[in-house]
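Please see the structure below; I have some questions.
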């Protein structure tokens, strides 16, 4: 014990005259750091109620609760946080696909009642709701994979226009499983899908490699999945929660991948539906997706179903409306084969006449009408009767039936839907220079964005805000397509409307003008009294919630009814009609 | 009769009218429960002592008061869900276990190659900061167990300044939950380096006073020199690591021997002392505080300012890892910590086991050092061995 | 007074009107008995009684000795709280090393069954009135150990809790706020979980015995 | 002075002294907090603690001996205080100093501690007997230099009468025993460190080893009684040291300052040291302080 | 203390390869996996494990038992014991893995080789129910107290079911899985199943 070591500790007394370390009483409740993990906040406007936060929470601290006023397109659920469970790891924030969830920098919550520590952030108002600081989602750290596995293309763009072969190659097994693993199984897609397919279930099955399970899930409410897997308008992907801040899951490609795994679907599929329809018969007029759906699921239940199709091939718009480079004929045939194998009788080249319809009403217990839209809308511009002006729908049907379609050197396609793009890309493959004239902006185009991109890549020229004024005959058989530019004006709500800028006329010399601005229903084949009874103001058919028209026993669906004009809606109508027919015939177990 | 009588509880309470069943009392012996309710115990554990006067005749450690079954819980959680759990394994020093979990699963999944440069630097920074804060705490706690309030008050405050830096960087004061698969969760904040430097300066400014209060203090020297000596031959037999080993003069350090993260690029020395007593362990800790400050300064200088801090992760909700097993290790403030990780190809861990230095320190070593020890030294010994109950029982 | 609801045992506003439960010591009456006031026997005007109670509660609230028992993770934040940075002693909250001399029990997080036994023992050794401050999620509804086989989930089935401080773990500042909350409650005479415990000892005992298999605590509280 | 006024004045003085002890206690907490870098509790915190202890329920009873411990303790403390003259030439503040001498005072000091030890030993908790044995060993050790110092002073004056010892120191500051007999003073002031039980000699109630030692089972009203006793004893001891070594006080102000100064000596040391183990502290007291004490006695003989 | 043959193992360029070669020479051809520079995994049959361990302990620099733990392979009906033996001077570890029959969960103790194995074996005994005859603290509670159920770390012990049975939770929670909720709300149904 040296004297130095006895004296040394007394140096600590220097501290006594310095300022204490202590946080002054007035500042005791210091604000948390900029990214402190405090209480939860939630932007309920942005929140889509996908429940991913609840899934990742290892404490099972987050419940999804139905709220009174959900936003459109979300699940109607909002996270409820239980602070009897939370550990403030903020994984819920980091995983939140919409980025709506966050943690504020507040950290003091004291109560004597333990039941109060539960609340729905954003809905139950709290004083920290407007806190700017706290833990927020960061772009550099993602717990879900925002990048889609790229879909490999069959060949380079420049070769594509020379062939009718399928453009998209499809995923390999590894790619499909990798893509399927991106799913967070929120189920928002189920709501968005008109047919309410079991999307998370089959994606999970694909992820685990159980493709037969996946196909069974898929066929559960879609008899044309391979078609859907290739050309569906996929509203599921629009609402996909990963898609809010990244690429949506490639649901369509995954469905396609699963169905393509099996050449013989009967061996894979199983059905457990009771044979309730023995002895009952149903006539389906129009072999489009809606009609085929009704026919298939009724046949599965033991009904005797006959499909009457005017064209030589069933499939309706999915047959003639979709170019073969998107949807090879073999795919369709495989699915039709399953239907006929499972008991659907198909009569092609059989156009139903008014008299025959009366007969069908007597012969069959129920009739389903799904004849779609076949009458092209008019251009409503001068010169639309000129020989070089043709409706796109006719061109597509002709093309698919193998007739020769003359497009010449230069074509202008008027319209911005999928039909317009298809007509343009077919024309491109027929060797023409193609221009698309669309009235609104590029982002307003109803066509699939991938389709638009592909078309552009293939050399289709896009002219937007372009209003056709008239078409004039030029010497030499060519046409002069005269158009005026438009400006976009927004009035009230709604999307902006194009307005012609007067006084400007542009000319475009073309060989053909293809009009693809929509189609109208054509009910002339119905007996006049029936047509009168069931049709509505725009010429379509009105149905009740069971899919039944005003005529008893006559059901309808598809483009005739819902005007959304996509295959999956028609399938959904078909499914509705299946239930409707069963209930109508008194075979269902009504809830 | 089993000597493991776990029915008695803190101390004797003769008023309870229920004599502690199963215990036979030697009239010359006093049985004393040191903990779990005891200010001198290092966390929630207890040592059952049989005393003669102030001298311990024998003793047994009892753990399990903090058992939460982490290893079981992690077997039924997805990989990402295990990540918030592991930091609770050692409350004072959460980053080491976070790193161990991340690196073991990265190794088994092949993600380890993808960890970006900056993520590695940030991991190193956080690991070293956490070593520093715990060492500071133990340094003060060491003398706190001997009844001086001044030094622990200072060191806890200095540690708290470091916790402020942690809070700024990671969003949490104690549970950082920062190191995760593929890197770290957030980037540096602007101006973080300057503020951390200021904190380090503040710590350094106080270190000479701490030396005077602790290492240079005559009373402290008398209390600790030659007290609770860990025999050198136990080193290999019991797998002693960390400051306890280095206080025997053996220069072993996981950071140098099994290089990981950015430690190979950093310049640091392995601090040793001789004597293997409490004083030597305190000397090692004092040297490691200076060394940690030195390392953190280097990291702040050498760290790249730009770049990603986390690898691109697969969907964490469905992440699966191929079957395999591994052992990863890292140097915590107490010594080598390791994770045994076994996966079976599913989306959950098959088996994980934390190998912590406290496991042998608090049970095997402590129990063998107890006979003949003065009761006054027990608390100091436990702190010097850095027994951490949550790590023992997980 | 509301009826005591066994489903909401933590609701301290539902104090039963019955006397002390069977088995408790006869000298542990419901009335406030201490060195300065066996006032149950003395007939005093109600105003004075009220004033005396206010003064007593003020004293109790201004000197809260915290039992040094780090039951869980939260104990690590008690160190900064009691040392220089946050210095809880300036609020009149020092630490107390033994249960006999402490007034506040901080349950700092989860309780394993093994610790719960000790916690009950320590709690019952503390002199009345005594208060329990529960930290963090674990005490409210199990926290992150909601599926752990070795921890209890709902503390107030086993001990009366006066103040819950939310957070995992609560910062020292939150703890200070919790203490201020407790002080307010004590001053108003609202924090009487101890009283509740005495009155419903049987109910608590039953719950405690459900999880503690090796029961060796006495069945009365003294 | 008549007996009854004297009793009255002494009780009043005792009351003031206890309050002063409380304030010093509060002040020490403040100062200790300052060196630790914090604010510390308010100055009046001991009063609040005291009030709290009085309004808490006692929940345990270890028998009457246990209950008597704090009473012995406070009687011992008060006994010391009433035997010391606080202000020179002020009979109202002289207590019963004319009726007892240093030996009686030291008896009261022992008496308090021994009574406490007896009471604490009855508690049944192992911490109590361990603390008691530690306390008694340490007490015996520091009594050695203290008694030597007292003997040195008494030998110098030729009497154990405290008033006589004061009287020899009234010839200027240098005549204070602090300077007149530095060895004895050193012995006594080192022994004071042990008496006041601040670090490094606070092994008795060391919280990290045997939480609060002998008092481990005491609660509430017992504790409050012990606080009063400790306060009286502390002031009594300080006054005694003031009388013995600092020449007493001529005014209340001087007494207040000197008491505080003497008290702070142990705080000054206590704040910066860890504690000794029992045998180390025993060894410490029996080494240098005892040597100083012996030197003090020898010095007295030599001066004579 | 022990006759440790530091021999030429120090000099060999790859200690892991060398020690595995020696084990192969001496005890048989156990499957080995060289996982990284400092870790080799060896799958040892149960009858050979104690000879290998005692040889490592007494005649090689692999003197440190870093940890001992168990894995429950419920599907295979086996337990796996994992011994990590380290050569601290050479900075190489051997992970020795042994499969035991789950029905007869018993293994030989290594307490004689390493003192601290008593704690590891005590914990494994408590948590997995593997018995180590001769180890000093078998059957003595280590972490658990008053445990009446099966050893909790076994795979077939369901901790959630145990919690539901034993530890009540606070009532009032109700969770809607978004997938199920959305499906139900929008009339999701199957037409084949």
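Order of writing sets the labels: A, B, C, D and E. Residues in every chain begin at 1.
We adopt the following convention: contacts are C-beta pairs under 8 Å (C-beta built on N, C-alpha and C of every residue); 3 or more make two chains touch, one makes a residue touch a chain.
These numbers were taken from a predicted model, which means no experiment stands behind them.
Q: Among the remaining chains, which ones contact both chain C and chain E?
A: A, B
Q: Please find the path from chain D to chain E through touching chains that uses the fewest steps, and give that number.
A: 2
Q: Would you identify the chain whose C-alpha centroid lies closest to the centroid of all protein C-alpha atoms displayed?
A: Of the chains present, the most centrally placed is B.
Q: Quick check for the class: compute each chain's Cα centroid; which one is farthest from the centroid of chain E?
A: D
Q: How many angstrom lie between the CA centroids of chain A and chain B, rounded to a whole number?
A: Computed value for the inter-centroid distance: 54 Å.
Q: Between chain A and chain E, what is the separation of their C-alpha centroids in Å?
A: Using C-alpha averages as centres, the distance is 50 Å.
Q: Could you give the separation in Å between the centres of chain B and chain E, each centre being the mean of its C-alpha atoms?
A: Their C-alpha centroids are separated by 23 Å.
Q: Express in whole angstrom the distance between the two chain centres, defined as the mean CA positions of chain B and chain D.
A: Those two chain centres are 43 Å apart.
Q: Scan chain A for residues touching two or more other chains and write them down.
A: 9, 12, 15, 20-22, 58-60, 82, 84, 87-88, 114-115, 185
Q: Which residues belonging to chain B are in contact with no fewer than two other chains?
A: Each of 6, 13, 15, 38-39, 64, 67, 69, 72-73, 76, 84-85, 150, 153-154, 157, 175, 213, 217, 219, 222 in chain B touches at least two other chains.
Q: Indicate the residues of chain C shared as contacts by at least two other chains.
A: Residues 68, 83-85, 87, 90, 97, 114, 117, 125, 140-142, 144, 146-151, 154, 168, 171, 214, 222.
Q: Which two-chain combinations touch?
A: In this structure, the chains touch in these pairs: A-B, A-C, A-D, A-E, B-C, B-D, B-E, C-D, C-E.
Q: Taking the touch rule as given, give the residues of chain C at its contact with chain E in the complex, in rising order.
A: The contact residues of chain C facing chain E are 7, 113-114, 117, 140-142, 146-154, 157, 210-214.
Q: How about chain C: which of its residues touch chain D in the complex?
A: Residues in contact with chain D: 28, 32-37, 56, 59-60, 62-63, 68, 83-84, 87, 89-90, 92, 94, 97-98, 100-101, 103, 125-129, 222.
Q: Residues of chain E touching chain A in their complex?
A: My answer: residues 170, 172-183, 185-193.
Q: In their complex, what parts of chain D are in touch with chain B?
A: 32, 35-38, 60, 62, 124-127, 129-130, 133-134, 199-200, 202-203, 206-211, 271-280
Q: Under the touch definition given earlier, write down the residues of chain A that touch chain B in their complex.
A: For chain A paired with chain B, touching residues are 1-2, 4-6, 8-9, 11-12, 14-15, 21, 32-37, 52, 55-59, 87-91, 94-95, 103, 135, 138, 140-145, 147, 178, 181-185, 207.
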